[in-house]
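The first chain written gets the first letter, and so on, giving A, B and C; residue counts start at 1 in each chain.
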């Protein structure tokens, strides 16, 4: 049995990719299961999905804790989520990135294939639908599932031109590997992925890092220990010369992570989710959204 | 992080680190509401988006006491909070407000809300209206507008989305004879803050409905949340008004009205109305709702006092 | 010891007198028979200025319970009463109150559950909260109803417990009966029950968040803590009953009460208002030389496992009177009694008897018949059926059931 864990962010299609992996494997005569991590999904929040593939029906039903393969749909994730947690010694990882993954934070040594899935998606769709190229690359390396079965699964799921585009993106991911791409051997980082802001208040219960409160009561403002900056695809950058501190951006920030200090808009990138409302609403065009690079 | 920001967090009533989707309209509403209440308040929320994204043990952005019990009882819970504050001699110092979504207000919580209003509790009930059950993945509520496609009122070859118009809950609240009812929009946060302040200054039950677009559920780019909310007001689909004992009806006038199609075509939930033949009749129906609002709420006249901030 | 005043009054009035003496800050109310006289009496007390409480006429039992949740979370003492469907409508809130550890006190005036709709007393309504995480106490007469309500707040509000308590009182049989009952002076009750000292409550001075979401990483721990609190209540229920006895001279049992069990061959187990009839029957049968005894289960949750094992001793047969049925299985109390006695040193035969179910009368003849069944089972060395319906009129059933 092969166990695969997909890491993405809400809205990126990790759950869909997991589903289509099993559909494709079934086309090739295998059995499998795909399921999401339980819980509410928020756009941009880190999410996981799990896949098991086998020659016989899969019976176990729990999360994939020791994956053979890890597929990372977002190049920003490794710095905040321990994506390689439990990876088997001979395990492989696949990540959407055009850059070397060596500079990111990793919890173990592992070979990581960097697949330019975003570039492929922008070429094919004009939008960052990364999962078909990632599945194509994964299939080319592991040969768990044929490329044709993956393409058929996408075409069945998205009839018409969208299915064709997905099929083409999967082919490009596949071809990228067959053209001789090799994995980068990443090293365990000194810093741990997913570290949180240390809680330093005086509360003894109902706060992070302390015993549970007997009635599940939570203390005030503990979300300050839950940075959401990793949800961001692009960051607002303030032009100090153009900003007059009017405060429209602060009022409209859904995440309380932009405020006016000394007549200047200051963004807390630890929390900003990059929605872009501030840039959109700024009457002086003092804020520009800039794509995040890991 | 910038030290000048960190030092501000200790006083904030709604800190960052909550889990709302990027561009969430409801969290903009919450911030404008707390701007009006200040720290001496107890907030009750029913189950819903705000509840889910602000309270996952042990993380919470609330800097004020906040209570979630169930989906359908926020107004009853608030009644109990208010009664307890009276007994503790805090009724004049601590305000009680509800911040609930349209599902918990227009649908499952309406009985409790009606009871609270009828009994006359000193509670300000504020509904952040994102026009569907967003927390469970975009299903139709009775506040979903006519024509919107949701997961349980999908457009299809035989269907064009929700067939019924939006439930007029402010009118139902008014029918209870309560002293203050208002509508507001996150596109006009100062107006919203002022209305909440106004409500808090009046004793008895108050109802405020805040139009709060949802980028995920409505299908638009997260950066467009305010623009969408603004257009909803400018078309006349979301009339902004307030009714109190002193002032029969005050409205935000619409000197230049925007046709509804300019609001609808920006949203995926209405996309089907622009894709198929013969859907013009439905667009006309929606335009008619806006036109009727202009007449009913006198949105076009110039003689009534308006707040244009 | 407090003297008190003995007078004849209706059960509902006695309960209302007890509640008044407990000085609740918030009382919510929604009418449903047979608890209505309780909330009516409290309404009149408030109207007359005898009770200084916020009295809230809710729009449903669901709202009535929700109002208590809000009040209790704001740090005050809160109470309501209901029955049957009304209690079931409160179900969601009652689970919430247990897990958020809000010590609200309820009176459950027992009544059959619809359908068919009816007013007969059985325990199907309150016993449906078996797994909600609350404390349930069942009383046998009006005096115990009065006394147990005074004890209920003290148990609920103990910081080692902090749980809702439901005092279960058989509808009509106890709510509508007039009998002598001793009530106590306010000063004496105040000496017994101090003002509520909340451990966690909402105040702007120290903001807290109630009712947050949990996941698979901590949900079990919160449930476990609720479970431990209910278990801790075992000692507290007994201690409060003894403290009450010392102050007021009344003791109705702690987790259980026993009657003539020492050398008994057959022991009857029951809850609620049937206990008085059973005490009388035991005396009569003992007079006839039948070695029969009685165990009153006073605390259904926490369940008195150890006390029950000890009290059963070497008895050969235990006959359980059940007024609630787990459809498709057997009587609810019988199930628990069997579980508790599974590893008893001398495991007896246990007869599960649907007696008093749907309000069907249990009188001395019924008891006599049940004791005979128990003795036949002893002779045979086995129990014929896991649930026997006592007094079932088979002649009225359609042919297929006979």
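Definition applied: a residue touches a chain if its C-beta (ideal position, glycine included) is under 8 Å from a C-beta of that chain, and two chains touch if they have at least 3 such contacts.
Everything numeric in this text was worked out from a predicted model, so none of it was measured.
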Between chain pairs A-C and A-B, which one is joined by a greater number of C-beta pairs in contact? A-B
By mean Cα position, the chain sitting nearest the middle: B
Between chain B and chain C, what is the separation of their C-alpha centroids in Å? 44
Distance from chain C to chain A - Cα centre to Cα centre, in angstrom: 53
Rounded Å distance between chain A and chain B, as computed from the means of their C-alpha atoms: 32
Identify all positions of chain C at which a residue touches two or more other chains, and write them in rising order. 207-212, 214-215, 218
What positions in chain B touch 2 or more of the other chains? 52, 54-55, 57-58, 60, 62-64
Touching two or more other chains - residues of chain A: 206, 212-213, 216, 218-220
Complex contacts: residues of chain A adjacent to chain C: 38-39, 206, 212-220
Note: in the complex, chain C contacts chain B through residues 25-26, 28, 53-54, 56-60, 62-64, 66-76, 78, 92-93, 96, 202-204, 207-215, 218
Okay, in this complex, where on chain A does chain B touch? 10-11, 40, 42-45, 206-208, 210, 212-213, 216, 218-228, 231-232, 251-257, 259, 261-262, 266, 268-277, 279-281, 289
Within the complex, chain C is touched by chain B residues 39-42, 44, 51-52, 54-58, 60, 62-70, 72-73, 76-88, 94, 111-112, 114-115, 118-119
Mind pulling up the chain C residues that touch chain A in the complex? 99-102, 162, 200, 206-212, 214-216, 218, 221-222, 225, 229
